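Two complexes, one shared chain (subunit A), two partners (subunit B, subunit C).
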Partner chain A sequence: MIVLATSDKGGTGRSVTTTNVAYRRALQGDDVCFLDFDFGSPTAGAILDVESVSRGIKMGTGLHSYLHGETAEPARIDVWRHAGWSGRRRPLGAGRLVLLPGDEGGGEFPVDAAMIERCRQLFLGLAEEFSIILVDLSAGRSYAAELVQEATSNLGSGGEAVRWLVFHRWTRQHILAAHGLVFGERGIVNNGVQLGIDREVMEDSIRFVRTAVQEPDSAQLSLLRPAQASWLQRCHEELLELAARRRLGRSMMIGAIPLDPVLQWREQIIRDLDVRSTQIANPETVAAFEDLASKLTQQNYWAAV
Partner chain B sequence: MRIQPRQLMLELWQAASAYSHQKGEWQFGGRAQPNSTADAEQLLCLMYPATAEASYFRLEQPDRTGKDVAQALQALGEPIEIPQVLLRAVSTFMRRYSDEDGLPVFHGGAYLQATQAGHILSPEDRRIDIVDSMSMSITLCLATLGFFKEYRRTGIRRAQLLRDVEWLENAASTRLTAAMVGLLRSFTVHTFSPTSTAGAALLRTVDQDGYSEEQLLARLRASLNSIRADLPEATDGTTGLDGLENENHLFECGWSWGVVHGAPAVEADLPESAQKPGRAVARPNLYFTLSALDGIADLSSERTRRLNLLTSTQQSLSRRLQLRWELAQRYWSAIADFGDRRTALADIPWQPTDRAGGESPVTDHYYSLQVAGMVIENLHQRRPAENELASIAQILAELAIRARVTRRASQQETAVEMHVPGLEIPLAEADGKPVVLAWRVTDFATALLKRTMRLVLLARSAELRQQLLDLADEIWGHVEQRMILDGPGAGLWDDPRRPFPGLPDEAGEPSWYFTERVVECLVAAVSVIDMSPVTNVAGISAARTMLSEADHLYHRELLNGALNAGGAMRAELEDVAIQIDRARAAVERRPGTAQAILLEVLRRLNSLEAARPSIVLEGRL
Partner chain C sequence: MTGDSAPGPRPTLLLVEARTTLLRHSHAVNPDMAREILAFTPAASVRTTSRPLARAVSPDTVEGVYCRLPSAAGRRTDGIGTVASRGVLIGGRIALASSRTLIAAGRPGVPARRRGWFTHLANPGVLEQIGRADDDDLARGFTGPSRPGVLDLAAIASRLLDRVQAATMLDGTIPLRTARTRFRFAVHDVGPHGSAPSPSFTIDDAGVRTLVVHAALDAPEQLATLCEEIAAHDWLLTTMQRLVDGLDEPPARAGRIERIAPAVEQLLHLWMPGAHSEPELSWVWSALERRPGFSRQWASIVARIRNELDLSILRALSDGAEPTHQARLRREL
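Showing the complex of A and B:
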């Protein structure tokens, strides 16, 4: 399965969430690979704490170079072996967790047919090795995003399932932007239709993830003054209504990641010991990552009612 | 009001859904064996609030389902799954209560009892259509039609699901038509001579001022004249109209317990065979009349109209039922209103024109309550005077006391019989056949609460409203005590042993009959809270006076050049201006709130003034 992670705006929490989901999914026993397609700002190395690729790979062997035909195979990094926090060894029962980093100083580029083909071949190859391929796209409509959508729309018969996770924060502007990215005139759905995919199949393959959510009844907000709480609840209700009208409601939502103090201060993987031993992160955050990780492959969350 | 309907409803939903949905499937059942009335009641515990006029408990648009609502219904699954769970449950209901030809049936089933202890009812006996079931079905079918009409609009598109929804909509519509036809054929007119037992009972009811029998008869005829004149319009499906030709005879009208013997077939989109011959005696019964009225009220609700739930045939049936509804209301209100010094209704308990052998006289209080219910519904058609409402409020309070709902009951007190075993209505058949079946009515407490809530909606003075809300709270206190605490039905109803000690233990299974009525009360409480607060002229006038004083003082501050006094002063006066505007907006609809804001404003303006002592006058310069 190929999971494409996108968002209309930058700074939504897409990279941090996707990376954590990849980590959780590997811990659940699946072989997972993570592709950093955010060529403008490759961050996966930093989030995973792989020192050597913290701003992308330097040797010209990243995904960027591969697509340009400058290297025959993109570099792969075994996260279990190279992450700073890891014991250099895959945890018992876990699957593989492999990062395909971007190039340092990669940047945007126009797409040509050869690149699409290379990209297609890359996915076909990875699909044989990994059960979950997570792709962190850049924010908004970019060349990289179009490239991936086109390459994955045409993986041949018996092709891998392709699913989209659209990340947005819980604000008015983010909801409107995410709606536009998916359902807008030049949005993902229409793009897919132009690439020959059924509109309904397209819609079934897209789900939204709310990030850094603070529910009005969350513990963190209990110190608000009554008037603030009253205002906040009204705002929340208006957003719920807006989301329902813009088709980002509960039925299209596959995850909601609570605001977490650790992630607010630093982009990183949250491990169980951060919750259990040092208790710096919230258990709800980890639960939300795990939940999203397992729903990726649960068919009923990806079917229209 | 101390009743908190949202919280109470969600607690009830949690218990009801956990009981009803087990092993991934809806389970019908409870204290009584499944039957067409009980199963409709069980479904309505969810469907009724979910489709009520106020939208707090909506379920058909999963994107809009409240968080606490979703939590309460966890037993049914996630919000997205709930409409489908209900779809399957209501579809099962529709299938189960159709005969071999697929025609809807309204059998009394396990709710029927034998009049004679020890007599075992045959399956044949239990296959008899009952008005209560028809009325519940009208409510359930309307709820279903509206629910799934809205559900469709959420953009569902799975082909099988769409087919299932369509199937249910058709089944619900057919059942609705059948229930309406059944009700039309259960409406009846009963005529009798003034010298018969029934005549004597009626005359005794209206005899409140000591008139001679002739005078009384003349007055009674006069006040019923217009109803008598209008009744012949209600021909479709109605029995007993020919009796009205004898001008000397008295009459009563309303619903019998089922389709009346000899009731003609009604024109509708139903196969002829669906209109089976009736068995019920051609005599209205107050309980079934009120039960029919509750169903018919839903047919003419704002929601039914707005969502356009009725086909044209159903609209025509509905108009015909409406006519009978009005006639029955007018009739019983006219009788209830009889009397100058004291109305017949206030002469508690009401004497029915027909009383079965073994009936306990204490259950006559049911009739008082039912007539009061009819009078209240009749008042909803016009703007009643406050004193009219007050006198009915007093009657409800009196009934609550007599039924030991708002007074402690001593052991073995006869009043307890009103609740347990309740009123037993023998289901008399035509031609004086021996009566074998009876219908048990045990809803005194909830009926009382529901009627109280309906009356609150009419009250315009704060005093009366408060008085009624206090009564409602007291009745709720009683009802709440009857919630089942342990066993499978925990959190549901009915366990009367706490208010009425000494009653036998009736297992912990829920009574959907009672629980559904509790739900209706909570929905009624929601509508009470949803209306705007009552106000009175005095309150508004006091608020206006304060507003003009505050506004005046504020302008005087400005005139004095207060804005030259620096930032602190400017900020203060800006805020004062905002508060005055808020108060102005609240004066008419929330005079109490306006006064509270203005008190604060006046105090702030005063402290500005107080800080400027008249230095010169005090001679300290």
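Showing the complex of A and C:
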């Protein structure tokens, strides 16, 4: 399965959520690879705490170079072995967790047919090996996003399932922007239809993830003055209604990640120990990552409702 | 011009890179389909053998190269000539691509780069060396970490394997996820009567396998076949070992049989070391059996699977269930 992570705006929490989901899914026993396709700002190395690629790889062997035909095979990094927090080896029962970093100083680029073909070959090759391929795209409509959509729309017979996660924060502007990115005139759905995919199939393959959400009844908000609390409640209800009208409602939502104090301060992987022993992160955050990780492959969350 | 096509100095080193994976298909393909998959060049024919195990070999595809040679000492040595590659299907199930080239010292007279490409193409799979670097240095450079801008057999083999996997007749189903293995062979020439030090086999941090052998280079094709066969068996070992290692790790008590079933049904019977290698080369297999002990490791994997199935049959029986699936798998062993 190929999972494409996108968002209309930057700073939504797409990269942090996707890397944590990759980590959780690998812990659940699957072989997972994570592709950093956000060429403008490759952050996966930093979030995963792999020092040598914290701003992308330096040797000209990253995904950006691969797509340009400058290296025959993009570099791979075994996260279990190289992440700062890891015990240098794969935890018992976990699957592989491999990062394909972008290049330092990569940047955006126009797409040509040769790149699409390289990208397609890359996905086909990775699918032999990994059951989950997570791709962190850049924000908005980028060349990279276009490239990946075209390459994955044409994987041949029996091809891998392709699914989209669209990240947005829980605000008015973010809801409208995410709607536009998916359902707009030049949005993901129409783009897919133009590439020969059925509209219904396309819509079934897209789900939304709300990030840094504060439910009005959350413990963090218990200190609010009554006026603030009721205003917040009203806002939340308005947003629920807006989301439903813009087709980002319950049936299209596959995850909501609560606002977490650790992630607010630092982009990182949250481990069980951050919840259980040091207690700096919230258990609800980990539960939300785990939940999203396992729903990726549960068909009932993706079929039309 | 005539002087140019005269045979040059005798090659003294053979470099082979093999990439191996599971064919992207739900089940083993039959020989006809194997022929179709490997028919890269319309005119040339795919060779197939069915005994003791089905094997199909594509005709060579030849690619011209002019690049630096891999010197471990960092010497500036170029090579000009061609790399020959082919696709192989084993048991209709394992897909493999190998790229090879013989390294020969430069010919006296007209410099290699001034002679037309056709003189190089007349000698497919041979690179003429420009500049100095001894074979040991080149072999160590080739089997060491790869560097940008240097002869990249891996890239050529990998593209060819992509091509095999993209064949339109394949149904695209992946019965079990397996990693592509990377195998590099360096064969030093010992001449027809030379004595050979024993082969050395290593696996580096990145998982690249390396085998350095000393043998006569007069039949490079047979050596390529040997390399391919070793690579395929190493892939089988790697794949099965990973699978049984996973059985001992926590969460997955449930679904263990489901996880080993495709491997038992589709891969176990492919173990047949030396089946397609020339008898004169069987000593290489014997050496590998002594160290690292290919068949010993295989036997322990099979024993582990047998145990797992027996346990699962017993568990099912004591639960009052009918262990038909397990029993069927058990008969494959």
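Everything below uses one rule, namely that the second predicted complex is superposed on the first by the 305 of 305 C-alpha atoms of A that agree within 3 Å, B and C clash if a C-alpha of one lies under 4 Å from a C-alpha of the other, contacts with A are read in each partner's own complex, and residues count from 1 in each chain.
Just so we're on the same page, contacts are C-beta pairs under 8 Å (C-beta built on N, C-alpha and C of every residue); 3 or more make two chains touch, one makes a residue touch a chain.
The shown structure was predicted, so the numbers you read here are calculated from the model rather than taken from an experiment.
Room for both subunit B and subunit C is found when the two structures are superposed via subunit A, with no clash between them.
In the superposed pair of complexes, A:227 makes contact with neither subunit B nor subunit C.
Judged by the number of subunit A residues each one touches, C leads among subunit B and subunit C. In the superposed pair of complexes, A:251 makes contact with subunit B only, with no contact to subunit C.
Contacts of A:128 after superposition on the shared chain: subunit C is touched, whereas subunit B is not.
By the touch criterion stated above, A:113 is placed in contact with neither subunit B nor subunit C.
Using the contact criterion defined above for the overlaid structures, shared-chain residue A:93 touches subunit C, although it does not reach subunit B. In the superposed pair of complexes, A:60 makes contact with subunit C only, with no contact to subunit B. Taking the two complexes aligned on chain A, the least Cα distance separating subunit B from subunit C is 23 Å.
By the touch rule above, subunit A contacts subunit B in their complex via residues 200, 215, 217, 240-241, 243-244, 249-251, 303-305. By the touch criterion stated above, subunit C contacts subunit A in their complex at residues 21-22, 24, 26, 148, 152, 154-155, 158-159, 162, 165-166, 168, 170-174, 177-180, 249-252.
By the touch rule above, subunit A contacts subunit C in their complex via residues 28-29, 31, 59-61, 71-73, 92-93, 121, 124-125, 127-131, 155-159.
On subunit B, the positions that touch subunit A within their shared complex are 61-65, 67, 79-80, 84, 154, 156-158, 161.
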